[in-house]
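For reference, the structures are reproduced in the following blocks.
What follows is a pair of complexes built around subunit A, which joins subunit B in one and subunit C in the other.
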Partner chain A sequence: MPTNPIFSAKNVSMHFGHGKKLVKAVDDVTFDIADGEIISIVGGSGCGKSVLAKVMLGLYKQTSGEFKYHGNDITNQRDHWNDVQSVFQDPFSCFNQFFTIRAQLKDAFGILKTKLTKEEIDQRVDRALLAVNVTPADIEGKYPFELSGGQMQRMLLARIFALRPKVLLADEPTSMVDACVRANILDYLMKLKQELGMTIVFVTHDIGLAYYVSDRIFIMHEGKIVESGVPDEVALNPKSPVTIQLIDDIPEIHKEWIKR
Partner chain B sequence: MKLLRNLLKSPMFVIGAVLFFGTILFAIFAPFFIDLKTAMDRVGGQYLEPSGSFWLGTDDLGRDYVKLLLQGLRSSLYVGFLAGVLATTVGTLVGIYGGFKGGIIDDILNMFTNLFIVIPSFVVLILVSASLEQGRSLTIIALLIGATTWPWTARSVRAQASSLKSRDHISLARINGANTLQIIYKHILPYLASYVFMVFIMQVASGILSESAISMIGLGPMDNVSLGVILNQAKNAGALGDGIWWGIFPASIIITVIVFALFLINNSMEGVFNPRLRK
Partner chain C sequence: MSAIFEVENLSLHYLSRWGQKIHAVTDVSFSMKKGEILGIAGESGCGKSTLVNGLMGLFIPPLYPTSGDVRVNGESLMNRTPQDIRSNILSRKVSMIPQGAFNALNPTRKVKDIAADVIVAHLQKGGVTRKESYDLLRERFDLFGMDTERILNSFPIQLTAGERQRSVIGISTLLNPQMVIADEPTSALDVSTQKVVIKMIFDLLEKNIFSTMIFITHELPLLRHVADNIGIMYAGEFVEYGTAEQIVFDPRHPYTKALMGAMLSAEPGQREKKPVAIEGAPPSLAKIISGCRFAERCPSARPDCKLRSQAIRMVAGRQVRCEYAD
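Right, the complex of A and B next:
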């Protein structure tokens, strides 16, 4: 366990509904994340990883347990979001279809405490767009519904590159882009990480991606963290059946698709 | 703009809009050519048949029906719009606030909304109108109608707002630092605008109908003529039994046409805003 963690969760649970309809999305998880670490939370659909990310983002308040950022509770959301930003899972529903993409990227600067001039904002948006392989002229005057899923996902990442937060919670950030762009984006994220000492939490179902990029991997299943550790340990010597299943399910080029 | 073009492709919308805006323009501009100051004056004999000088005849007090109907049309539209604006505003505010806030506030507002829905509004309208013997004016009737019809707006707007609330673009707006007011104004209202507008149109139509109904049974405004009041007076003077068709038909037809036009507009908009309904 790292000393002086940036995030520290102690018996955190997040429940929705009550009575018979009670859903334990996150169930009694405990972990620490060190400053500058890259963590991947891996799990199948509905295992509670996205909800956990939203608790870390401060959008949801945990039902029980303690969740600390730099040793403090998240009381002021605006302060929290100045440092901690997120890429959401579904790029199609992330933008308001009544405003242009560029206007919405610029809106994001409202959360920063350091106020920038208009020129600075424009510059940073342009640079961020180039970082995700989009020329600024391409999206000039465009509305969200005019872009493809992959492009929108890149816009969400551009937003992060423009804001340059201290912590990034990325929920399936590259699920809709092709392999080439994915490599580019990951490269740029790593560069940004070096430059800013950014802490990154990936939320993904792709244990392969997690293996390559992260310092530590948390495996989640039914709201609980069932296994955690460095990638080599988790991927090469898995202990939990959930992990074994996840690794087993990675499609390989030469593997028979249907086991006989 | 694309929306407008789509709307104009629908014959239903075109017919409805032409009828409705034609009526409104007529109500606004006709008084420049027809002097309404003399609308309540006796100008001829009782129940004169339609003729060259009185196009739609005269009523039991010898008043010119053309002028009465024009005055009545203006009153009915006024009541419809005032009731519609009131019901839509109150309903939208309650609905958005409840749907967006959620939790206990939502529950309480929802309870009130349902409470108001189950109270038969027409009965309330009759009781309150009947108890207001003095000073029953057009405005008061419009406010009464608005105050009893807002729950329908509130309920549907609440459903929409609460489904929007959990969408990612709202979360994104929040982590962009937008406050609640900005979120409602920039990220919820635009999505609801078409919907609210459709509800507004229905509220105007039902406002006009309610006013006509309440006036028809003799509980209408005392200070003015409305289409319902004309029908009430014709009924009281026995126009129905005496075969005085020009006392009954024109007012009924005008009410029918306005409400029909509004229904057409509403129906065609539903087809455009909700493409799944398009055939």
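Right, the complex of A and C next:
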């Protein structure tokens, strides 16, 4: 157990509905995440991984249990987002179509407690764009619909480079892009981690991706964390039947999959 | 055995508002036999989806055919009106499984009504009534081993993603088309659901509900298991075309090699192997490119690559568009 956890969850549950229609999206999970760790939460669709991410982000208040960020409850969302930021699956639904990208990147600074001057903001946006290999002139005056999916996903990452949060929650950041762009985005995420010493929580259904990036993997199924551990242990020597099934279903090049 | 689906030197272009031609697909040729699945892979924007429209013969402005021919059972799909294509070709001979199942189903109607529309629209002249079409539907959905009554009487929003995608596949193949074109049918699903959907596709092929299929995706490991042959597309051209084993285990074109290098997998020893992204972006297709299209990003490019355009040639039993590949 990490001594000074950045997130600590104790018997956290998140339920929706009641009576017969009660859905236990997250059911009695307990974990600690240390500062600077990269954690992957892996599971099939509907296993509750995104709900757990939203609890971490302060968008949902857990139904029961204790969820602490640096030892405190999340009471003020704006204060929380000063430290914790996220990247979502579909970049097109994350930007407002009516404003230019640059304006929205600058707008994002409103969430920070330390107010910067206009020049500082411009500088940081420029540097963030360069960090994701986009020259600022390229997107000058451009609107979100003028960019491709891969470029948009990079804009979301540029926002993180600019804001420099302490924690990044990445909810399926690569599931909408092709394999080349995925390798690219992973590079940038690793760069973020190296430059800013960030804690990253990945939410994904791709155990191959989780195996590659993370320090620890949590496998979720029906709201519970069924297995957790270092990647080599979880991905290569799985114990839980859920994990075995999950790994078995991935089409690997050197493995039998479905016979025709 | 003669080929069911033939494509000969197909080139397609878009016409922009200012009269500029954008050559989205250039010189694609292949032919498919009964029971064959062809996989097409390539990065976003390489012309995969444009090719799909061309293969259906559906030329809706601004898309126009430049040259070439597409034939289903010897019948050409070129130079026909969209109305003609819709009433005689789509669903009956060539059918398509769209990318996002949720966007393809009308949210205000039940699955059975959406499907019955397809039958009634295409078989009206044969005198199929709406009531008869429901019976046809039940028969077909029972064949899939699905929970027929519940799914047919649900609205799309009440179904899971996998059920939705399987319903869409069911609807697309209702009229036993010769050819089914699947444009990323599983990229929005998780791995377990993906497996179920692929199993269903194999099952339909075995039961002769359709005879050939084109499967478009960017997941090469998936294609290795699904496809018999794979074509790798780059900037509108096929750069390599061969059997699945040849392409995945022994790629020869530099672009295919680079694509394989960007793959991730949870196999022993793979953690240290870093996936390598291909630097740079594909060329703009608004101009006609004289040299090799991949030369700008190719790790093994030579100075004269940018001067000569590359022709398809045979290397180790497959077609490769690179004169230095060996």
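Criterion: the second predicted complex is superposed on the first by the 242 of 260 C-alpha atoms of A that agree within 3 Å, B and C clash if a C-alpha of one lies under 4 Å from a C-alpha of the other, contacts with A are read in each partner's own complex, and residues count from 1 in each chain.
We adopt the following convention: a contact is a pair of C-beta atoms (placed from the backbone, for glycine too) under 8 Å apart; a residue touches a chain by one contact, two chains touch by 3 or more.
The model shown is predicted, which means the values in this text are computed figures rather than measured ones.
Enquirer: In the superposed arrangement, which partner chain does A:88 touch: subunit B (first), subunit C (second), both, or neither?
Expert: After superposition on chain A, A:88 lies in contact with subunit B alone.
Enquirer: State whether A:138 touches subunit B only (first), subunit C only (second), both chains, or neither.
Expert: neither
Enquirer: Contacts for A:146 in the overlay, against subunit B (first) and subunit C (second): which applies, first, second, both or neither?
Expert: Once the two structures are laid over each other on A, A:146 reaches no partner at all.
Enquirer: Please determine whether it is subunit B or subunit C that touches the greater number of subunit A residues.
Expert: Residues of subunit A touched, subunit B against subunit C: more for C.
Enquirer: By the touch definition at the top of the document, which applies to A:78: first (subunit B), second (subunit C), both, or neither?
Expert: A:78 contacts subunit B only, not subunit C.
Enquirer: Just to be sure I read the superposition right, which of the two partners does A:212 touch: subunit B = first, subunit C = second, or both, or neither?
Expert: second
Enquirer: Please work out whether A:59 is in contact with subunit B alone, subunit C alone, both, or neither, and reply first, second, both or neither.
Expert: first
Enquirer: Could you tell me if A:111 is touching subunit B, subunit C, both of them or neither one (first, second, both, neither)?
Expert: Once the two structures are laid over each other on A, A:111 reaches subunit B alone.
Enquirer: Need the overlap of the two footprints on subunit A, from subunit B and from subunit C, as residue ranges.
Expert: No residue sits in both footprints.
Enquirer: If we count contacts the way the header does, which residues on subunit B are in touch with subunit A in the complex?
Expert: Those in contact with subunit A are residues 167-169, 171-178, 186-187, 190-191.
Enquirer: Contact residues on subunit A for subunit C in the complex?
Expert: Subunit A residues touching subunit C: 44-46, 148-150, 175, 177-184, 186-187, 205-212, 231-232, 235-236, 245-247, 249-255, 257-258, 260.
Enquirer: Across the complex, what residues on subunit C touch subunit A?
Expert: Residues 43-45, 160-161, 187-195, 198-199, 202, 205-206, 218-222, 224-226, 248-249, 258-259, 262-268, 270-271, 275-278 of subunit C touch subunit A in their complex.
Enquirer: Can you list the subunit A residues touching subunit B in their complex?
Expert: Interface residues on subunit A, with respect to subunit B: 54, 57, 59, 77-78, 81, 85-86, 88-90, 93-96, 98-99, 104, 107-108, 110-111.
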